[in-house]
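Order of writing sets the labels: A, B, C and D. Residues in every chain begin at 1.
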């Protein structure tokens, strides 16, 4: 590595949640420096944030268009731009960044509609730029291990997948009390056609497809808005069918009292099954038929030897827990290695390509549109079409 | 209590599983004596079993009809008859027992069809006999606590119920290898129209309705037979709707490798939620919004003071775990107290009536028929009609 | 089995705790009938208890001497007598029962002093009667599995044993408020020279020796009475040394707030270690070096094939939890099989001899006396002498 | 914050473990830049490491003396120096850094002897420089919460503390196979008079004193070297006494097969107790007498409102786990805020002073010397003297 990558950021102003997570995660490995940003739609706040982040005042911009324009004029422009705005801004900003020649790291969901997602995919293909989509939960080493176990055939054929993502944080109508995070996430104009299913249901679907290597082909969804006056779903239950004949259940909720961020998955095969919980991310339960349940722990040789993808994303020995920021950082690690390779004109390490990108984004938008279509339908099954 | 109740048994011969559980559970409190039985369809085996159980030879019968006839001629006939045969025999035997004037404890599912179930209900109503159906999982004290918490309003309004019952024991076609339990449970002639959903899906549905006090009104089911050549479903996933507008998911499986008997339920209300796992039955997780998760432990004052039903079914102080046999025994405890009251011509203690009976049996059969109908339908929702 | 064993009981009157546990446990397998008893020092209460237990009035005695005398005159005397009185009565009653020719099941601690314990051992040896001591925790199947794993060499050489038994129930001076259980347990005249260490520390020591097959050789103890005015220790911490050079820690407490009955043990060997918790008794954690932790579950083939002792004490398939009463019943199972063999003049099955007896009782009393001696000493190590 | 702090590092060359942890942790909050280093005793390796870290070649030094000398000549010298060498180098390097006017962050144990530790304390007092000692486990927010709960009196008076730190990584003599970490940690010349007790026993002692606010006054230790030929202890068990009369047990081991990094503590008070496990760091179990055990989760209002120290060290909402690096980073957070205050000539925020420093280092060395003295003594109690 000759130098650090230069990062620009759109969004992530005062009070934002995910922008700060991106900043911390991008710092962890010492290979990325935040050099520029249009942090807030309010220029004052953008400057305030830039100052607190030690970003040079002349690279703290009033808005993203200015950042694109000015950075292009520099000798040392940013190498990529991270987009952490509300959902409705993801597509136009990503589009302009790509067209201007920047690599992009985008928060999910990638766009507001499947049509936009497909357009973005075409653009990524055309420009050849590196595009990352922050489905951070697939960054956990034990998730990568699970994926590799499936690929290696350890589980046999996959029969059934159960995935859940319950939260409690919207159990009260806090969007009416000015809670910023709640406000835009429950607003169709900023969030899109789905609420809970767009915000976290997509993570669940992505996790199921990532680990299993399968594709959802049909969905039967029952969405609910439990809080009076809320404009988008805050709970959803789905039956799933996968392309190999496997069956599934997916449920997500933002009104499930007593749950925090309880993303969890059970993948059942003909030979073994695995179970993983985001809130205990360093362990993967591995289970055979009539044998003791095994608790596999991150960073042991038996993990790193089975999964090079997990090994690569492991920073510290077993028993010293890694967690959310480190998983997030793993997407930046692979994303940045892919950019480094591009800068060198080299083919990236295959392992470096293990980060979610525009294809995951297209499937995410297709998931959202399929779920919403199914919820409105009296038919049992709605095809998942991309 | 003047004397012990006298129990007769149909089924439970050598190699049977559930008959022995009934016998142990019925002994635990020292208020029931097994005095007679037609333990096996093979008279030799019936006699062998009777001898090993210290049942008098003249009360070890060749078949149930003989037991009914001979016991009626005695001065000290059995007070009730426990039926632990394969499913297809439940209805005719229960019917004859009731008609002959015996109280009955029957294994579940109660009958082979909903029509039979309703007929049995009429007969119970007509004869006034005490009828117990062994949905044993509702016998656990912490399940009773959960039910009482819902009834007291601790959870607020119920929004969502997630219930699961995965097992692994039929993950291979062991019915073809002569495994007795597997053989009759996968045989439609002995088991009825559903396999997994009849055997254990009914327990899950019963648990959800018992705790919540709600009724399932609509089901959307996806049933699968994963093992080639098996004649009944070995896996099923359902979306549920309840009579108060609550939503639900129910899944059961007998091919989920790595699971043993993992019945578990999550009931989410507007104020609190509860979570219970059959394999850790002494604890109930109680959760509020933004407060620490609480691990409620059986037998503490805060449990027994809240739930008289749980208190009544608690035999030993907290930290000294109770388990499956004790839960089973609780149904016998309440069932026998109800019989004692009947013998005395008294109204039974209301708490004594807390055991599953013919109404649970009718709903169980309706559940099975609805699930099977839904699975065959392209409509999303099938009404749960009793 | 030709007939059921006839049990007599001394103690276990109204309000007693452990007597009722013995009764339930002895019933579970249908091979023991409670036929006689001197249940309470108050004859009225003894009769009341006998009536409620359906014991014949003429076999409900005013005191144990009467029971011994009258039972000897019967054609069908009790086969054994269970002693569940306060500690100070164990020795004299056990002695008289043995001398009169009865087999005995005795609660622990066996006597008030080591000298008495040795005297009782001589008497057992001399009379040849079957003597059981209710160290119930070694009755759990997963404890038996652990013992057999050590014996088979699965753990390699044992290096270290950590055993704990914290409880909270004496965290307040409830003996001053008339709580019957607390009163006699904190009274040196009824309990002996140790409180917490006698009541539950002995269980911990017994468990460590039972599983490991090792003997404690030296103890360094620090005992405390945290509650003002209490006459016996309510907390104790010990360093241990074992006869093979292994090291250990043992702690017990009855004032550890937030703990219920948290007996647990960790046995570390050169090849594997095992961990077991009484409050989750169906699981044994088995751990190798650099390999996944394994959760071994009761009743699986891999358990029952490794440990015939565990297999014998398993009543129901895995996933259907067994617990405290069943463990207790296992001691009765083996104890009664040993009596049956004696009645037949046969050598008992070796597995039937797997119940704690007079030797465990002698070591228990030696443990108590050594701990108390060490606590009073300024020497680091006090020899554990029997 | 006007600018980022400039960090120098001694140690942390290729293959080192803890140096890389310091680097990642120091980056997380974007307030510290690694600007200089003498990373390895081999100048080639030092340069190699500096290059890979993007440290300027002219600030990648051959040895620490050169770094001190050259940095002092710069206009922008490093603000502090982190020392991550083997133990025997901590004292001389720290001394020279302090004498040269640098603030210091030092790995633990601080020195090789108590005498050196006291000398260093005098020097810190004299120079007024900011000195941090990396007892990282006290950086976890839930540990800080526990400390504040004790301080607020939530637990009542502390009666008993049980603390453990078992590991398995030295269960084989890997120091003979060239494993670098194992080699110096088992070498008295580089590690000091204790092995396991110095390396991790000190963490356990520090954690107990940090949370409880108590001081250990007496120790009774039994140290063992289980691996033949190893020169230092690899296992130790201690009885503890505290200055308020509380009792304790402390055990640490590096040969406990099946354990990873299982630091855990139980603090029992007269009103409540708390339990914390390093491998599940986001939860603190809080327990009252006869009430449900509560699982307190990091970042909830009920945590941050009770403990400002925990709130300050929380970066992300509950359910999004934080772990080892973040705890480590918390020490850097408070350490750097204290330096910022010093740079400004201000009194640091009292919360910023919540990081372990030279006093913890002195007590750590006293702990090591006391434990070793006790282990060699036949007296039961050895005074803990500082």
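Throughout what follows, a residue touches a chain if its C-beta (ideal position, glycine included) is under 8 Å from a C-beta of that chain, and two chains touch if they have at least 3 such contacts.
These numbers come from a predicted model, not from an experiment.
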| item | value |
| --- | --- |
| From subunit B, the most remote chain by mean C-alpha position | D |
| Contact-richer chain pair [B-D vs A-B] | A-B |
| Distance from subunit C to subunit B - Cα centre to Cα centre, in angstrom | 34 |
| Subunit B and subunit D, separation of their C-alpha mean positions in angstrom | 55 |
| Approximate Å spacing (C-alpha centroids) for the pair subunit A, subunit B | 44 |
| Multi-partner residues of subunit A (at least 2 other chains) | 259, 286, 290, 293, 297 |
| Subunit C-touching residues of subunit B, taken from the complex the two chains share | 1, 3-4, 17, 20-21, 23-24, 27-30, 34, 52-54, 167, 169, 259-262, 278-282, 297, 315-326 |
| Subunit B-touching residues of subunit A, taken from the complex the two chains share | 159-160, 162, 164, 168, 171-172, 220, 222, 224, 226, 235, 237, 239, 241, 247-249, 251, 253, 255-259, 266, 268-273, 275, 285-290, 293, 377-381 |
| Footprint of subunit B on subunit D - complex, ascending | 286, 290-297, 300-302 |
